[in-house]
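To start, the structure itself, in structure tokens.
Order of writing sets the chain letters: A, B, C and D. Residues in each chain are counted from 1.
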Amino acid sequence: MDFYVLGQQIVNGLVLGSTYGLIAVGYTMVYGIIGMINFAHGEVYMVSAYLTAIGLAVLAYFGISNPWLLIGLTMVFAIVFTSLLGVTIERLAYRPLRRANRLAPLISAIGVSLILQNYVQLSQGAKNQGVPTLVEGVFRMGSEDHFFQITYMQMVIIIVAILAMAILNFVVQHTALGRACRATQQDRQMAQILGIDTDKVIALVFGIGAALAAVAGVLITLNYGSFDFFVGFVTGVKAFTAAVLGGIGSLPGAMLGGILLGLAESLFAGFVSSDYKDVFAFALLVGILIFRPSGLLGKPTVEKV
Amino acid sequence: MSRRPVSRTMLLSLFAALITLILTGPLSGLVLNGYDFTTRFAAPLQIAAMVLILRFIAGLLPASWLAPKQKHEVEPRAPRFKTYQLVLGGLVLYLALASLVLFASKYWLAVGIMALIYVLLGLGLNVVVGFAGLLDLGFVGFYAVGAYGYALGHQYLGLGFWAAIPLAALLAGMFGMILGFPVLRMHGDYLAIVTLGFGEIIRLVLNNWMAFTGGPNGVDAPAPTFFGWEFKANVTQGGVPFHEVWGLEYSSGMLDAFIFLVLLAVVGLTLYAVSRLRGMPIGRAWEALREDEIACRSLGLNHVWTKLSAFAMGASIGGVAGVFFAASQGFVSPISFSFFESALVLAIVVLGGLGSVYGVILAALFLTLMPEVLREFADYRILIFGFAMVLIMIWRPRGIIQQRRPFFKRAGS
Amino acid sequence: MLTRFPRLALSIALVSWSALGHAAGKEILIGVAGPHTGSSAPFGLQLWKGAEKAIEDINKAGGVNGSMLRAVKADDACLPAQAKSVANKLVNTDKVNAVVGHFCSSSTIPAAGIYRENNVLMITPASTNPRVTEDENYKAKDCKAITDKAKQEQCELSNYSVIMRTCGRDDQQGVEAANFIVKELKAKSVAVIHDKDTYGQGLADAMRAHLKILGQKDPVLYEGLTRGEKDFNAIVTKIKAAKADVVYFGGLYAEAGPLLRQMREQGLKASFISGDGIVSNDFLSAAGGVKFVEGAFMTFGADLRNVPTGKAVVESFRKSGYEPEGYTLYSYTAVQAIAAAMKGTGEIQDGRKLSKWLVENGADTVMGKINWSPKGDLVKSAYVMYVWDKAGKYAETQAKKL
Amino acid sequence: MTSLLKLEAISLRFGGIIALNKVSLAVAENSITAIIGPNGAGKTTLFNCITGFYRAQEGRILLQKEQKQTDLVALLGGSIKFSEGPLKGLRKFIYGLFGGTHLVARSGVARTFQNIRLFAEMTVVENLLIAQHRQLNRNLLAGFLNLPGYRKSEARALAKAYEWLDIIGLGALANSPAGALSYGNQRRLEIARAMCINPRLICLDEPAAGLNPRETDELSVLIKRLRDEFHVTVLVIEHDMSLVMSISDHIVVLNYGEVIAKGSPKEVQADPRVLAAYLGTDEE
């Protein structure tokens, strides 16, 4: 096996995996706190991709051309807007269902994703959209025509993904806010009795999850350059798979699951068959869950008799 | 009935409108055009104005109209009708619905067939999700197994429609077992994602295995026949044309009418069977398993077998639905079995009310007929559909119809 | 939502108004079927724009046989089941007189069955898969022996297909691409990528088959990618490892764009060729800019925007702020053909009569004079190789005619 | 009296913690045996071993059934031996993976749970019908067609369910959801449900926890009836010493996973080791 080809496929897998991981964190956080699969999360990411393009276009209109400034401002814009969207969705579509059975919010979430998808299609048109390439440059290893490479943008994705996960993990484990989150997660009623405004905590978690989707939206959009109103669904399903693979509810698990899934897809497509790469990815998921029914880093559910 | 003060309502409406304005501002107001954009500031203002008005009207309505009002439990009640009355009622209903074929246009017949297929799918998934409490997001896989079972069975083995129905049920049931086995130890949402994965695997294999399934081009499925009568202008399966036997003029609607009638009967039978299941030992065991697996084991119930049987039963109903889908479409291709279909069927089960067979029927009719009725609204169709899903869930979190538990009268009283 | 509310209100008003018109029997309905939701929606829009414009122009010129035309929009979302459903609706509920559409071959094929059954003329401006016009159950009947005049006419009529197209076929398109690859690019190793859809894979297979005929060795890579995804780095690395000097892609622009971009980003300089599925300005934004698309080849029918007969129409489109790209003018052509046949026969319902007239007489359209085979395919449909240039536009290659 | 259940040197470890250490005891047929001991002594763990929720790592649990002895530990699977043939091996594998608890229940051991485990959304009478699942006509076709055999079997089960509802005094609430019952009623219903599987041994895990004195009295009457009227052997874990002393024929005291004393209530009460174990907590 060619070392450079293998190296390139691993880089490909890491980049793809990091994008899955970034989105998966949003799934995992929401699941962790209220135990629901937020199917609309992928669409929130899709909205942030559009915001990226709109933000860049508006900033360019005002004559800003420094790429890092552009990215920074767009990121801020996307994060603020997307978190607001996340909180609003939670308030309108999920909070009324707090006490309903577990499946009601799931259906509501499917409804929300239909709404978002079609709203964006109606307002922005069905066509493919794109953003210009802002960051160029690539790091290559090897000789002139025998090398493997990673672009600067890809490096940014991997670094930001890991950083975001680490910061979030720190927040959850070591701050008062994180304690409130964990308390709400373990026993919402008890947390409420102890003076935690659980509604606020839950809204906050939705906001943070959406903010991460915004980060993912900006970076992924800049990296691949094109998107349409359908990307949320395609990436969303994969990211959700990644979250479950890593153990849903666990932040490092989401990242690990994402990277594992990305690597699996990329290596299988690269060395076996890209036709069956998704079959392989799902088979891997099934295989791992058979032997670790709670995912790689999830806490096993103890059957207490 | 208490009314909230108007001034507060006004304030809340304004707040809602403001949020709407912020949220729709960039997406509706700035339209991407290449790497550039054009402005359309009227759009977000219009949307915000609409939200303002709607929110204000909603605020003026008595609070109790809007609040979700659903008791947690519905008390079981002694049945009001005797068995023979129910059977008679069912027959009358069947005849009434069957007579639709005389009036409905071919288009509405086709829509009716799709609606009934979704009723069947909903009933099948209801066994898995509603009764046994196993969240299955890959139900469409069994639907695909049934549809392809019929189409490929005809192509390779020369199977006919009537042989395909039981065989597809069996085949899909087997697939259900195969899927059920690895997920036995998984709970809740892990189960959901694994079943989703299974559904996708089935679809992807159907799409990629060119040599066997025809890949994306799909396979032709034969039109059903009835004791050698064919409902086509020219016979292709060695039978006699139905319209010639009866001296009728050929109409392309005959095939649909026939499928509709058979399907209606199958749905009726399934409906009867599934509603019987609730009061039968196996149905009770499924529900008990949903409630508490550990208690079930302590009572000597084989949880492995019980779970597998739920998967198998649900899957075989899905498989039968698949046969009808293939027969009515005349051909099958993998695009028809995407995850979205699974989500739709799940929505039918949950909107209808978990475990409620009549709710499933209502929800299936609602979810399949509404997009057709909304076709006039073309572009806004799916948007309205999405809003309806969210609103119904908020309005009735336990589903449109909450099923009563079966009532058991003391013997001799 | 409300963004288009005025238009919605207007269209409702129009519907009720035209319902009155219909009652007076003064109207000819043309169904326009294509994807308006889902990822292929941009193409549905092209079809709709073209048909809408043609109808407007024909009505301005006095309509057909004194009746006005009206378009009925139908969304098949490129889903086969939906396509059948809307076809049924167009035929049985809306009672359209003829249909322009559908777009995706995978939808057109099942829908065609319904139009055949109901004898409604359908002209697709875009479905290039050979199976669209190939009816398996069809057998040409010999009608000479029939003595009864009326019956003979009936018999002859049944030999015409109501399914026609104004675009070419993938087998022709694949041939053109293969010729170009072998004779112009003199490729040594070709990688064939497709999108696992009826159209894309069909096109890729047609191209591959002709490569073989030309004596080329088998492609070094033949793989499918997944529609809707944006990351094709793994497959690009694989192409690189296989040392292909030409990459042929069967699929649509939404996947072609990222694929091409990632090829270039990974430093892969192989030529990129695709088919008419990437004929859209959106290919440019999907690929991330001019510098990536420059030099990409594609096969497409003659660009109608450059045909002299279409000049006025193109001008008029541009004046209304719409660039008639891709299939727009093919859809325009389809409506023109339908109108011509109705004028020629005086018949507005019988699909076979209309198609017989078209096969016998051809039609003068924005494409110029065009003729059909009895099967419904264009007699002459030259595919041309285009290349994308620095300005982000496509033009015919200057290569010598093959 | 012969012993119905015999535990021979049962041991179970969780990681490094020894939960049960060579526990041996015998339960006489048609008796009430109480297991007592401080919190964390391993009482519930022992119950879980007997009822098949945990598999004892060492030792045997023998259930005497007419002339036959069944080893309950062996029912739960165990290491696969090639000599046994593939079918038995496969069975062992499957039960090893998913648990064979239901086989233990089927061999005649019923139980209740410390934290009540009723089928909360189902009705009271349905709870009792599920327990009779094994005795019913489960033929699908018979059920769909409501054949006489099916009807008869359902009627029999219903009669038995109502019989038990009358015994525990819940006849009037038969068709209300089990989750809506009061705590004491739920406890009694759980016992009735366990009795419906026709057990020979019933294991009650703290049946009096959370009951008021009047309910506790009713419970002690009920437990005695189980032995005297229905001829089942009762094994009970209980902290309420007055209840234990009033109903038990035999008491086993457990501490740190070991049996520290056994005998009649009188003997146990006098045992210094028991006093030591309970010192400072309970000195009745």
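Simple rule for what comes next: a contact is a pair of C-beta atoms (placed from the backbone, for glycine too) under 8 Å apart; a residue touches a chain by one contact, two chains touch by 3 or more.
This is a predicted model, so every value here is computed, not measured.
Steps from chain A to chain B, taking the shortest chain of touch contacts, total 1. Taking each chain's centre as the mean of its CA atoms, D is the chain most distant from chain C. Of all chain pairs in this entry, the one linked by the most C-beta contacts is A-B. Chain B has the Cα centre that lies closest to the mean of all protein Cα atoms in view.
Look at where the CA atoms of chain A average out and do the same for chain D: the two points lie 48 Å apart. With centres taken as mean Cα positions, chain D sits 43 Å from chain B. Remark: chain B and chain C have CA centroids separated by 34 Å (rounded to whole angstrom). In terms of their C-alpha centroids, the spacing between chain C and chain D amounts to 73 Å. Within chain B, contacts with two or more other chains are made by residues 24, 28, 34-35, 43, 185, 208, 294, 379-380, 382-383. Residue positions of chain A with contacts to 2 or more other chains are 118-119, 122-123, 125, 129-132, 275, 278, 305.
The set of chain D residues that touch two or more partner chains comprises 53, 113.
Every residue of chain D that touches chain B in the complex is listed here, in rising order: 51-53, 94, 97-99, 101-103, 105-106, 110-111, 113, 117-123, 125-126, 129-131, 133-134, 136-138, 140, 143-144, 146, 155, 158-159, 161-162, 171, 174-177, 179-180, 193-194, 197. Taken in their complex, chain A has these residues touching chain B: 31, 35, 37, 39, 47, 50-51, 53-58, 60-61, 81, 84-85, 88, 92-93, 96-97, 99-108, 110-115, 117-120, 122-125, 129-132, 237, 240-241, 244, 248, 275-276, 278-279, 282-283, 285-286, 289-290, 293-295, 301, 303, 305.
Those residues of chain C that touch chain B in the shared complex are 1-5, 8, 12, 15, 36-37, 73, 75, 78-81, 84-86, 88-89, 91-93, 106, 109-110, 113, 117-118, 131, 136-137, 196-198, 201-202, 224, 284-285.
Within the complex formed with chain A, the residues of chain C that make contact are 1, 3-4, 36-39, 41-42, 44-45, 196, 223-226, 228-231, 233-235, 237-238, 240-241, 253-254, 257-258, 261, 265-267, 280, 282, 284-289.
In the complex of the two chains, the chain B residues touching chain C come out as 24, 28, 34-35, 40, 43, 46-47, 49-50, 105-108, 110-111, 114, 207-208, 210, 215-218, 220, 233-234, 236, 252, 325, 329-331, 333, 335-336, 372, 375-383.
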